[in-house]
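Both complexes below contain chain A, partnered by chain B and then by chain C.
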Partner chain A sequence: METLSYGAFSEAFQSRLARQRLPLNGTIEVTRRCPLTCLHCYNNLPMGDGEARGRELDYDEHCRLLDELAEAGCLWLLYTGGEIFARRDFLDIYTYAKKKGFLITLFTNGTMITERIADHLVAWRPFAIEITLYGLTKDTYERLTGIPGSFDKCMRGIRILLDRGLPLALKTVAVSTNRHEIPAMQRFVEDELGVRFKFDSMINPRVDCSQSPLDVRLAPEECVALDLADPRRSDEWIQFADAVRHAIETKPLQDTVYQCGGGVTSFAIDPYGHLSICVLSEAHKYDIRAGSFRDGWNGFLHQQRLRTVTRPTKCVACTLKAVCGMCPANGELESGDPEAPVDWLCHTAHLRAMALEIPVVPHGDCEYCEGGARHADVAGAARRLRLGTHTIEPPPPTIAKDGNLFLRVVNVPASPGCGSCGTH
Partner chain B sequence: MDDTTANEQRQEKKPYAKPEIQEVPLRPDEAVLGGCKTASVSGPAQHRCTLPSACTMTTS
Partner chain C sequence: MDHASLVVQRADERRSFVTREIAGETLIVPVTGHAMDLESIYVLNPVGSRIWQLLGSPTTADRIADIVADEFAVTPQHAAGDVAEFLDSLNTRGLIQEVTKGG
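Let's look at the complex of A and B:
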């Protein structure tokens, strides 16, 4: 039998069917409850949140949903949370999905992985499992998660999965509490564990519009310093930016608010049965409990995808989209406006471009572009980064009066209101 | 339907081609699209993604 590589299959399959607008890729949040209390998290709720648990789709509802998704042509599913294993019935839901033939990726923090769970995953092998490692050391890890003992549980979960040869990859979020351990984390995961590692420094506010995660978000200079510290990562940024710029130049972008695959080949469903264009999008949702997935995909989500921009912003013509990460969902969470540029993203993107010598095509009134008010500052920072004069220092420990280290949590006053989550 | 129309319809049919089965080893390290979900993947991990066409939420 002839063999086709997975990469070739996926690329050809998705490219061909993207033109037909089919819901090929779905993300399902089974719960937002989680045993950890990570500072950066955009959606976590306490494990014991009975009100949230009561509203979650139950097993039968998940099965009906999976039936509809299979009928609609969905192939790839991502199960995420919160923490997926916070649900006692998750393996039942997962097994039903496996029997339907979906290619399933599992996102988990690893702390609730048991040998029983791992043995079940051996019998019903997922396409991929990704665990986020919040630090290489116990102190760093638990500084972010806020839960004593969580580091050991996570490492145990990783070991249980690796011992069984399950398809595990590790990743991390680069934040202020762990940025000093990123290079060591990469070496540990790739060299000692022998698995793939990736990291991301993009942090956004919570889906309830709390800005608290931004307290641990890195400064733009810190983000780009991490990029430059890894030549392989730098090269990939350059190649990616070049590919996207070329794509934009040869095929002009539509005037739609969304430019991604959301609503074209992908969708998200929250724990309570609400369909949206992506997991970060809270402002516009469709209740599949009151209708059907097919109606939501063909009607509601299609209309969302067709929404056109209401005004020309500096993002519309920007070719730095590849190194930026700006999207309507981000805009909604940061300011309540899906079209408003997010300054942190814009600053980081321009700094990254200058540091990596990625061409910046003029794209309107942008303070970071040449001639803009902040261009000189960013250019200077890029020069320092290229010269290697920017250093990554470990965060200072915070000492309580009794001499114990504690996690400093800054309470940010609630914003006066926004048009994103619709709850205030 | 007269004979002429029926003959025309038969001529428009494509010749039969036997379906071929290809085996695709499921290797997540070959995934061509990365998720844009927070704290998962962005940037270089999407290095084969062309933004104007698709940006998925999954490893696919």
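Let's look at the complex of A and C:
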């Protein structure tokens, strides 16, 4: 019996099945309710949101869905939220999924992990667990989550899982509140806890159209400064960019709106039983309660995936896709138009490319490329970043006049919504 | 496990693993920590998949080798050697068990 590493197995298995359209990778949001009120979050709802709770798929519906997914060939399953453990029956759903033979990853904030939950996970071991650590210090963590005491709960959850040898990795989202702690966070996680760490600077508007998360989104210069502060991360960007540029330059241009694995090998299901291309794709959904997963996958989602572009934007021929987070879902969330370039993404991608000396191939009417109106500004910023003159400063104190550091109002648009969900 | 006439079958699937058939591929996925290495996934080739299928009910290495030789056009000696090696590897991982009388 030959022994392969997991990575080799996954690559070979997916490659063997590449010519077939199979729903191998699924993401299921079990709830959007969460005990934290993070400003950057794209979908969180209050724990006590009875209306949301009442609409969520119940245990029996989850079991029927899992039966269908196993039958359809799904192997990798990601459970996410909101906070997955906000549902009292989550372990029951999870255990049913384990018994069906899925390789399950759990995304959690860790604050609701108890010894009972961890012991159950030891008996029914997940493929992976990822906890988002919002800050290295209590002050930073709780400024972002808005909940006093949440830092200690998260650290306790991490310890409980590590004590049991569960397959834990930590990650964070880099925003203005915690950017100054990212390098130290990485050292703490990798050197002291001995687990993998990654971070992402990508922040989206909320799926309910609110643009409020953008208040804490980093400036492009701040994103790229974090990339450059980590040589390993810089190398990964360069290698990935090379591979993707080569693929783009050697294959015919695709005319489909979606160019990811969504609808080809992956899918997402929201807490209310709606099937979509991914968790960010709110505009087009299929109600599996009114049909079946198979019908949704074979019919609705296939048609979504085949949608073609309506116009030649500067994104179509851009070879910087690897260093840019642009996708139709982002376009929909930012402006209601899946094909409209997102300026923040375009700015960040060009700056990242110039700072890392990744070739920028002309790709149409782009203000950040040579000859474009903003090229000189970005090139200058890239030079400063390469010289290391950009420093990562902690954010200024934000204690409100009433002294209440934790007063947060979530789910209220800070600016007019994009209109893509049709309710704002 | 080198006794060709020993009666064997899959270990108790309810407790430890699940067999997944995806697009003609057979995977054995560990579920709980009772019998198997939880960090491993077992991927079977067509011959392995057929043997695994035969192990769904009590059988012997001799019977399996006869069927493999017949269906995959290999000599009985070749089949017997491959089957013995494969069963040994399944046994080492706790994926099969000896069937005792009445069991």
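Keep in mind that, in the parts below, the second predicted complex is superposed on the first by the 402 of 424 C-alpha atoms of A that agree within 3 Å, B and C clash if a C-alpha of one lies under 4 Å from a C-alpha of the other, contacts with A are read in each partner's own complex, and residues count from 1 in each chain.
The rule is simple: a residue touches a chain if its C-beta (ideal position, glycine included) is under 8 Å from a C-beta of that chain, and two chains touch if they have at least 3 such contacts.
This one's a predicted model, so the numbers in the text were calculated from it and none came from an experiment.
In the superposition on chain A, no contact is made by A:117 with either chain B or chain C. Residue contacts after overlaying the shared chain place A:360 against neither chain B nor chain C. In the superposed model, A:218 lies in contact with neither chain B nor chain C. Shared-chain residue A:73: touches chain C; no touch with chain B. Once chain A of one complex is fitted onto chain A of the other, the partner contacts of A:247 are limited to chain B, with no touch recorded for chain C. Once the two structures are overlaid, the count of chain A residues touched is higher for B than for its counterpart among chain B and chain C. By the touch criterion defined above, A:100 reaches chain C but does not reach chain B.
Looking at the shared chain after the overlay, A:22 reaches chain C, while chain B stays out of its contact range.
Of the two partner chains, chain B and chain C are each touched by A:9. Shared contact residues of chain A with chain B and chain C: 1, 4, 6, 9, 24, 75, 103.
Of all the residues in chain B, the ones that touch chain A in their complex are 20-33, 35-60.
The touching residues of chain A, when paired with chain C in their complex, are 1, 4, 6, 9, 13, 16-17, 20, 22, 24, 70, 73, 75, 98-103, 122-125.
Within the complex formed with chain B, the residues of chain A that make contact are 1-7, 9-11, 14-15, 18, 24-27, 40-42, 75-78, 80, 103, 105, 107, 127-128, 130, 132, 167, 169, 171, 173, 196, 198, 200, 202-204, 233, 236-237, 239-240, 243-244, 247-248, 251, 253, 259-262, 264-266, 268, 278-280, 321-323, 325, 327.
The residues of chain C lying in touch with chain A in their complex are 17-20, 22-23, 25, 27, 29-33, 38-39, 41-43, 86, 89-90.
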